[in-house]
Amino acid sequence: MIAQTATEAPVRLNVQGLAKTYDTKKGSVPVIADLTFDVRVGEVACIVGPSGIGKTTLLKCLTGLQGLSSGVAMIDGRPIDGPPKEMALVFQEYTRSLMPWLTVEKNVRLPLKHLHLPKGEREDRISAALAAVGLTGAEAKYPWQLSGGMQQRVAIARAIAYRPEVLVMDEPFASVDAQTRFELEDLCLKIRDEFGMTIVVVTHDIDEAVYLSDRVIVLGERPARVTRTLDIDFTDRDQLRTRALPEFAELRTEILELIRRAH
Amino acid sequence: ACSSGGTSSSTPGVGGLTTLKVATIGLTSDGGLMTGIEKGFFADEGLKIETSIVANPPAGLAAVQSGQVDIAYAPSIPLLNALSHGVQLKVVGAADGYAPGAAQGSDPAQSDDTGLFASAKSGVTSVAELKGKTIAVPARKAQMEVVIAQALKKAGIDPSTGVNWVVLDFTSAVAALKSGTVDAAGLVSPFTAQAKAEGARQISAPSIGFFQDGAVGLWTSGTSTVAAKKSVIAAFQRAIAKTNAYADAHPQEAIKAGLAYTKSTLAADQVITPYWPTKVAAADLQRVDDSMVQLGFLPKAVALDGVIVSD
Amino acid sequence: MRTRLLQYGIGAAGVVAALCVWQIAATVGPLAGSPLPSATSAIAAMLQLTTTSAMWQATAVTVAMALGGLVIAILVGVPLGVGIGTSPLAMHATRVPLEFLKPIPPIVILPIVVLVLGPTAGMGVFLVFFGSFVAIAVQAAAGVFDTDPVARATARSYGMGRGETVWRIVVPSALPYIGTAVRVAAPTALIIAVVAGLLGGGPGLGQSLLLAQIGGNRDDLFGYVLILGILGLVIQGLSQWGERRLLSWHPQYRKAVV
Amino acid sequence: MTLTSSIPSRTAVARRHAGRATPRWVLVAAEIVVPVLLVAWWWVASADSTNPFFPPLQSILARLVELAPTPAFLRDVGSSVGNLVLSFVLACVIGVVLGAALGLVRGLAWFVEPTVHFFRAIPPVALVPIFVSLIGFGNETRILSITIAAVFPVLISTMDGIRATEPTLGMVSRVYRLGRADRLFSVTLPAASPRILSGMQVSLMTAFVVMIASEMLGSSTGLGAATLLAQQSFAITDMWVGIIVLGILGYVSTALFTLFRRRVLRWYIASQQQEKNS
Amino acid sequence: MIAQTATEAPVRLNVQGLAKTYDTKKGSVPVIADLTFDVRVGEVACIVGPSGIGKTTLLKCLTGLQGLSSGVAMIDGRPIDGPPKEMALVFQEYTRSLMPWLTVEKNVRLPLKHLHLPKGEREDRISAALAAVGLTGAEAKYPWQLSGGMQQRVAIARAIAYRPEVLVMDEPFASVDAQTRFELEDLCLKIRDEFGMTIVVVTHDIDEAVYLSDRVIVLGERPARVTRTLDIDFTDRDQLRTRALPEFAELRTEILELIRRAH
């Protein structure tokens, strides 16, 4: 078990002065002004902020899918200039990130191919990941034969089976029901503990952010800045107990207020 | 009959025979060659003939000059055209032509399998009336146009400005004659018969008028082929001379072979008997050469020295 | 299955209707007396031809040339198109030569090809290839461009290499375009294989057609035309079948499955 | 992490980001250098060719310069290009209309498709005499045959494109009860337009090829007729001139078509390249 | 103002014995077993249930996009056999339901064209709808230039501008932040009151279901059935006050429990 007070753990992700401007036909649109934060090994960091503020953009910069306009994003001290191999991203547009020509099981297997795992382990990972998201039995279906929430869970299963050192997820539980969401949240915490993963999650569910995070990064203003970073250190999180803590409610209200102000 | 699968051209085949690839253009007169093969004249010379049909003489000439085919059929006109552009070709034998004196016969049309036909709707009854009219030929600057041009010139019409040439395949030409969209058309058998049946009128037998007599269709070969396969070509020349003599003696047999080879629907008696000269005379080519210069189809006469390979 | 039967039934009805139109046009209609024989005599000629082994041999040769050329065109055209679609450098480097080759028809280069390859089946195969590979490359490149950017980004984020991304993401995405390209090219391939025989002296149905044409034998000519039409249908059916198998996941074919 | 250490890496990142996409000048250079090299190679390889079928490039170009200003040449090119453009436009319009009909009405597609595929496999030689007896051998026949051949790539692409439309978009237009015309013009055709235009690109090619073939008959005007006549009468240099002119025309027409495509598919091109927008 | 106790209002939607089976290559998959419920004029009905239970399927049957396997769905007593003209649907796959070739504003305008509104009204509706979802200023952007939440709001704006009598929405607020979600929920209630709309919403957010609904329909079991229908009659709903009510927490716990059991 990784210590929850991860302050001593080394920094895994480090973002300094990150800025991003989209160039469009109608001129350039500054989206992110200046972000600085870092995430330590084994931490879960949640990024919250109003819709359209630039969270997805940030994640794309962080995973090396998009270039930065200025500043630097680093993983283990190396600047990120292309998708680093120890990272995986669950896309907000999960439907489009599943390959329609592959069945559920093959979609999960897809990124494992180039890891050259022993066959047994690969199959184990696939079935374990699908079981963890509650999709056992849907292996042979095509994405378009699944419900929205099921598709989203396939995308999560794919990322989990890949076992990245850094798992980045963009609103990963938006389309699943409350119960499944709880289970997936706990799954996150479990794989973090089990594999020492570092997890970055964008979410709109403030309760979720508080429940999951060791650190909540609140974005605000346009172009975006970090308006607040909150460190959270619940130990032994549990859906019922933790959510009932008075600190939980406090943090929740505080973040809600920050987002309200950012509007 | 029309296979040409082999890749190398003169591998000794079954029974020690040397394979020779011959391209024809699918005329009834090909029956001569067929009869010769049948009679074993070629096998006697150690040759195995593999025939194929190409759409037109230029295609055959192109294949023969590069050695893809050993021997190809070509009439003298496209041959001269090719020679004038520096294509390296030789004449190795006669394929067909007109019997001596055929042009002087009472009705030259009797021995000419080509004809210039006028559409019934045009009201044209003679070559002289063609001024300003539309004439269909199967290809521009090729045999049919050249021979008709001479007929026009004789009738006092400038072939390059006095008429309107259009290109039509024979089937279309017959249809166009019928509907009157062309005034005249140069045709060959069996389309001559079809045109007659559709009411067109033959106004000239231009080929025989042009060539008079002697060899018209020639067996040609590439210069390099001739050099490389001297003995084989010589063998072919001996065999084809025998063949042509035999065909002239047994025209019905050769015609039947030709009709079978071209899968024609005509009966043997519907066909004008071809003539198979045994030799190519230098004069046969020279005459055509001069006429083409005169008619403006060639800028200057082609030097014919050494073009005909005699055995 | 029932819809499939219905489809074939309706298609057959369409063919019969077309044959009726032909028959009427050629006997009493605007084409009476034209070089078009009546449908019945063409069919009779075709049936007569099917009893000869020469026709089957010629058909086999033509189909072999067409398919051979088409397969080579796919093998060359698809990687070329994928290359053009994925690499701007490849695109710019090949643009001028390809655009230059595009409008040059097989019949124009035919004598040159006959010169080099002779009146052989190889010549036919080459012409078919030449006549269809650029079209396939063009459509494949368009298909590559159609890859969903999110799917592509997914592959990148999982650290999939360039080759793997192309093979597992880009090519499947481009398949529907490639399918269309092949269905467009297949009949053209058949025609070029015939023309190679017709004009270049290559073996196969082209030769048969040429003889029928030289001999003015219209019934036979249209007998061969019918055979070619049926071959076209068969090739079309085959490529559609293959496509349906490969693309059962795609919306174009999904409806047929569900 | 000190500031001093982040500054060099920052510029390194910027540099590497710039380096990820091939720089523009390399692309432009490739587009110019490759053809130049090919031409140079052709020039050198053919320089002392004695084979009449492969004349030296030099004499081909000399012949081109000689022929280009002659009125006959200009008339040939003009007439061919005129036929080409007219037929291509006709083919596009007809192809899209018929393709849309066949793509939308399944029963209709089932009814005509076998006949169409049957027809497509028929070599034009067999049809020419019929055309000639129906409409003669004038320019109309040429335009008709180019149009017929060029229709199919557009038609099939339109049909496939329409059938491949994202099903959700179809449902949206049903839910909002868009009228038939609205659905066709505001949803179905735009959704299919990337595929339609890629079909048009192939049609343009087909139109070129058939334009040449169509000039095999009738009066001998046109670039194709001139090229084929040169070929048949062994004026091989003239034939190569024809091929080169064809190539140039092909390049120019594709360039123009690409401009058109860029306009029509602006939304598509931009959305497909969004990730490159960085 | 429509009375909140809508029991006297006439029935608008009526579903009786609805069953739906998908035919796939691998055999038929029964998804919905037997659903019966109705929704009255001016009511907001929320449908909740675990992911993959068949909620989207139900909505597609209800809007006439898919045929039923058995049973009937009726609107105003007429059986639904194609999309009825008084209905509009916001799709769960919002990214795919926007036309990528149209700008935001044109996407909203698209369905209005055939309503033949006076020009002024049409423009008013468009700008009002965009303003209501907080997208003023994004009119000229293309969907792919928007964030996920913004795209989802475009889809909502399109439905609102269309002013259907029955508005059906499939997880419409899944991708927006908490604050925006509150605003959109209130927007729903507002247009319901203003235009007497009947609204059917599928949601995974139980709080939202309780806050919005006059009736919550809970689906469970596989194939799906209605496991419970809860009538809710808060008057004068208000984000802070209503959510703080003890009945609210009770209902919330009850529904959560139902969904947990359905798993």
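Think of it as A, B, C, D and E in the order they're written, each chain with its own count starting at 1.
Heads up, the rule we're going with is that contacts are C-beta pairs under 8 Å (C-beta built on N, C-alpha and C of every residue); 3 or more make two chains touch, one makes a residue touch a chain.
Chain labels with UniProt names: A, E = ABC transporter ATP-binding protein; C = ABC transporter permease subunit; D = ABC transporter permease.
What you see is a predicted model, and the numbers here were worked out from it, not measured in a lab.
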**Fill in**
Larger contact count among A-C and C-D belongs to C-D
**Message:** If I average the CA coordinates per chain, which chain comes out farthest from subunit A?
**Reply:** B
**Message:** Need the CA-centroid distance for the pair subunit A / subunit E, whole Å please.
**Reply:** 28
**Prompt:** Just how far, in Å, is the C-alpha centre of subunit D (ABC transporter permease) from the one of subunit B?
**Reply:** 40
**Request:** Averaging only over C-alpha atoms, locate the centres of subunit C and subunit E and give their separation in whole Å.
**Result:** 49
**Prompt:** How far is the middle of subunit A from the middle of subunit B, if each middle is the mean of its Cα atoms, in Å?
**Reply:** 82
**Complete:** For subunit A, residue numbers touching 2 or more other chains are 22, 24, 60, 65, 82, 93, 96
**Request:** For subunit C, write out the residues touching at least two other chains, lowest number first.
**Result:** 34-35, 111-112, 115, 153, 198, 213, 250, 254
**Request:** Give me the residues of subunit B that touch two or more other chains.
**Result:** 56, 58, 62, 65-66, 169, 171-172, 175, 178
**subunit A-touching residues of subunit C, taken from the complex the two chains share** = 148, 150-151, 153-161, 164, 168-169, 172, 175, 247, 249-250, 254
**Prompt:** Of all residues in subunit D (ABC transporter permease), which touch subunit B in the complex?
**Reply:** 52-53, 125, 128-129, 132-133, 136-137, 216-220, 225, 229, 231-236
**Request:** In the complex, go through subunit E and note every residue touching subunit A.
**Result:** 22, 24, 26, 48-57, 92-93, 95-96, 140, 145-150, 153, 170-171, 174-181, 204-206, 256, 259-260, 263
**subunit A residues touching subunit C - in the complex, by the definition given at the top** = 60, 63-65, 82-85, 87-89, 91, 93, 96-97, 99-102, 110-111, 113-114, 142, 144, 162
**Message:** So in the complex, the part of subunit D (ABC transporter permease) that touches subunit E is made up of which residues?
**Reply:** 166, 168-169, 171-172, 174-179, 182, 186-187, 190-191, 193, 267-268, 270-271, 274
